[in-house]
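The letters A, B, C and D name the chains in turn, as written, and every chain counts its residues from 1.
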Amino acid sequence: MKDTYIRERSAIQANNPILIEGLPGLGLVGKIAIRYLVKRLKAQKFAYLYSPHFPYFVLVNKKGKVRLLRGAFYYVKGSEGQNDVILFTGDSQSQTIVGQYDIAEKLLTFAKKHNVQAIVTIGGYRMETQGKPKVVVAGTSQAVIDCALKAGAMVSSAGSPIVGTAGLILGLAPFRKINALCLLGETRGYLPDPLSARSVIEVIKSMFDLDVDLSGIDEEVGKAEKMVVRLQKIEQNRATQSEETRKEEDKKTTYIS
Amino acid sequence: MKDTYIRERSAIQANNPILIEGLPGLGLVGKIAIRYLVKRLKAQKFAYLYSPHFPYFVLVNKKGKVRLLRGAFYYVKGSEGQNDVILFTGDSQSQTIVGQYDIAEKLLTFAKKHNVQAIVTIGGYRMETQGKPKVVVAGTSQAVIDCALKAGAMVSSAGSPIVGTAGLILGLAPFRKINALCLLGETRGYLPDPLSARSVIEVIKSMFDLDVDLSGIDEEVGKAEKMVVRLQKIEQNRATQSEETRKEEDKKTTYIS
Amino acid sequence: MKDTYIRERSAIQANNPILIEGLPGLGLVGKIAIRYLVKRLKAQKFAYLYSPHFPYFVLVNKKGKVRLLRGAFYYVKGSEGQNDVILFTGDSQSQTIVGQYDIAEKLLTFAKKHNVQAIVTIGGYRMETQGKPKVVVAGTSQAVIDCALKAGAMVSSAGSPIVGTAGLILGLAPFRKINALCLLGETRGYLPDPLSARSVIEVIKSMFDLDVDLSGIDEEVGKAEKMVVRLQKIEQNRATQSEETRKEEDKKTTYIS
Amino acid sequence: MKDTYIRERSAIQANNPILIEGLPGLGLVGKIAIRYLVKRLKAQKFAYLYSPHFPYFVLVNKKGKVRLLRGAFYYVKGSEGQNDVILFTGDSQSQTIVGQYDIAEKLLTFAKKHNVQAIVTIGGYRMETQGKPKVVVAGTSQAVIDCALKAGAMVSSAGSPIVGTAGLILGLAPFRKINALCLLGETRGYLPDPLSARSVIEVIKSMFDLDVDLSGIDEEVGKAEKMVVRLQKIEQNRATQSEETRKEEDKKTTYIS
């Protein structure tokens, strides 16, 4: 695997779909939003994205089953008058600069192949706010920005850059003549933030007239808090292990050589 | 986008042009100088340079419009007896070593294609000086150095290296048989330094007999100071966001996987 | 050498072999285990793996003989009713992310070529335990995990990621339709840990009905302790030298230029 | 320039030459030795090596003349009964791992093309010794090691690794069937060390029966001390500039975008 590539496990016949992307990032806003949409829309997984620019470890589930880091695409047929939807999320962002551009390009090629009409990318936007998180929009044209504004998003006066895949997709989309916009949910960013994801989904729901029940995401808030405790324990182990492995490798190279 | 590439939006018929380059660097001397020249010479944007070696984020303007990091080329027809001029500046330097060489090469190929007669690169030169900033010259031949000396530049006895695109263009230009020189404006380098850019433009003006009114750059000094305040706020946000995104990615990878 | 490649020094006719891999990592568990198996099974070295993603130094033995960092493959014919075995260990892990994926891929291509039936990778698993180190299993299918469980391994409830070649082989193996499992010996990880390697070998011995006498590994514990002292001295020298070389390069570049 | 490449400025007809290499490293032992040999043997420069893996800056001399970082090859015809000699030194080591392997490979391809019979690489070996620096040898075969031992070198019992081009050439030479050895002069490594270089040249002189007057190198010791003062000043400037450039780039990216 010298390059990022996408493997389609089952063929889909998408009808002018929209693609909604959310990889891990600030407050995990994008990933939480996509996962919630997958669940509520009962979207079907149909393709994976693999990349040698992801971190060099694999994940193990509780039963000991291993899998590579990856991105996953899900498909849901729209009801009468709605767009079909392709959802994309994954385990990680690219770890290299060149890989970031590569992954964004591969996603756009994939979108073009499936005749995607518009792309929505989701991220977090760091803000120390109280109350309901706002949603900031950025886009490839005034028209798509206006659509999001009507749906409740706002424009940020500060003009912050957008880091990672969510940003690069927008930067590269005009070369493929695809409209794209990014919705950034306000978040403090320290912890997984389902509340911020909720705000983003509300905008998407309104923009594309999606039939998504949002009550379930409140449970997620509760779950998130429990997972944080478990998470911290796991991650501490992993970080320690990874760090020590690196130290060992560095130090022990000549040992028993 | 696996490689740096240049996209020409409109065709130009340049007549033995000179190319003046100034990317962000110490004191932003090069970028400020090019921007000022673009404005005063009413130069027309005609091409962009994109690269997967630029940082992996996109810029958002106040209206929410997104664009990729890039370099931009501007063209201005010389009046009778003057050279045509191509100006180049951009958002960032390459973030990788190999990308630095790649971008310099692509600029030279572009220069060759447009029959560029000489290249001037602009940068900053760190010096704790008072008064009017001096301009240090370095070049690919004694002849081009002499031209700059006559126009008020000086040679640095210290023989400092020149870092980044401004330097590599000079290093690589002889292989393409293009004359090139670098003008480095003295600057403390902590803040955008229009005064240093002014000194550099004076040398260029004199060398190429350009019709540039320099009074406007004094306003820039005032503006620069105001922008610094705004800048610090924006950048603080971005840096924090970028840093936290990275932390999140690092920590949360196994969460909800 | 632009890519990782494997050079076979002598041809083998392996009969449905299993491949057991153990590169340096936490507690050197994998490397110690493979070396012990090579010795006890009298396995014959038959191929090397080289990579430009290994660290950029060479090893020198006591007589002054130099060699490149590398991985080595060993072959042993199974007795009646047992599998043939190919063993793999080496000096180092890849130093780049892309190299990590590249090396894992090359190992799988090699395994496919030799008709390998199953791959076992070995690593360390950080745990502050007393007594006999346990062995944690992860695998590409429930069937292979079950085999290891029957042989005394356990599943980790925490679901830790597996870093490096031992992990990526498992992540990539399904694409080649090869069964693979990883055995992680518990270790504190600070020092070479033959006790943990012993636990891993016990599981492998039982799984594949290998005829391996384990008494010898107890000597290794003693040896390891002595080597640690020597090691620390060598490594301190190397680290200092490497660090200072880098400093010199950085500082002295313009000197006598 | 996507790859390291060698440009020959004039054709040579070398008769079974030996190649002696010394890039910047610990105590600058290799570089000082090669430069001294070039001078004393009146060797003629005939080729350059360029690489996008060198640092991304250019050097400027006192007159303002710029040049790319590079390696340089020098040729000297041997007198009756002596080998022809090709000498190689340069401004820098590769800054990337992959580049280190690439440069070593390119040097070996070049050696093969010119029918080089043996390669000697030179480096420094960190040791807090008093008195005349010793020379440690490492090599691709016992025969070449023995030659160096007869000429006054010794074998290091510690078996230290050899970092960088001097080491990788030895690691890769056997694949090209070229004999190679490395001579490491003892040095504290903090400062350019002509005394250590002298010890290395003595061994080379004896091994290849070269007619080199060594008295001149004592002057170098004096010069080195003076240069160190100048050097520290230049380098401090460069390091500060480079560091600040990087900071500026990082911080100012969105400014005037």
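Quick note on the criterion: contacts are C-beta pairs under 8 Å (C-beta built on N, C-alpha and C of every residue); 3 or more make two chains touch, one makes a residue touch a chain.
What you are looking at is a predicted structure, and each value in this text was computed from that prediction instead of being measured.
**Q** Which chain has its C-alpha centroid farthest away from the centroid of subunit C?
**A** It is B.
**Q** Taking all residue numbers at the subunit A/subunit B interface, are over half used by both copies (same) or under half (different)?
**A** Interface between subunit A and subunit B is built from largely different residues.
**Q** Rounded to the nearest 5 degrees, what is the angle of the rotation that puts subunit A onto subunit C, matching CA atoms?
**A** So the angle, rounded to a multiple of 5, is 90 degrees.
**Q** Find the geometric centre of each of subunit C and subunit D from their Cα atoms only, then give the gap between the two centres in Å, rounded to an integer.
**A** 35
**Q** Find the geometric centre of each of subunit A and subunit D from their Cα atoms only, then give the gap between the two centres in Å, rounded to an integer.
**A** The computed centroid separation for subunit A versus subunit D comes out at 49 Å.
**Q** Considering subunit A alone, which of its residues make contact with at least two other chains?
**A** Only 55, 59, 69, 159, 161, 234, 238, 253-254 qualify.
**Q** Which positions of subunit A touch subunit B when the two form their complex?
**A** Spelled out, the residues of subunit A in touch with subunit B are 24-28, 31-32, 35, 55, 59, 69, 91-94, 97-98, 100-102, 105, 124-126, 136-142, 145, 155-164, 167-168, 170-172, 182, 189-190, 192, 227, 231, 234-235, 238-239.
**Q** If we count contacts the way the header does, which residues on subunit A are in touch with subunit C in the complex?
**A** Residues 1-2, 52-69, 95-96, 233-234, 237-238, 240-242, 244-245, 248-257 of subunit A touch subunit C in their complex.
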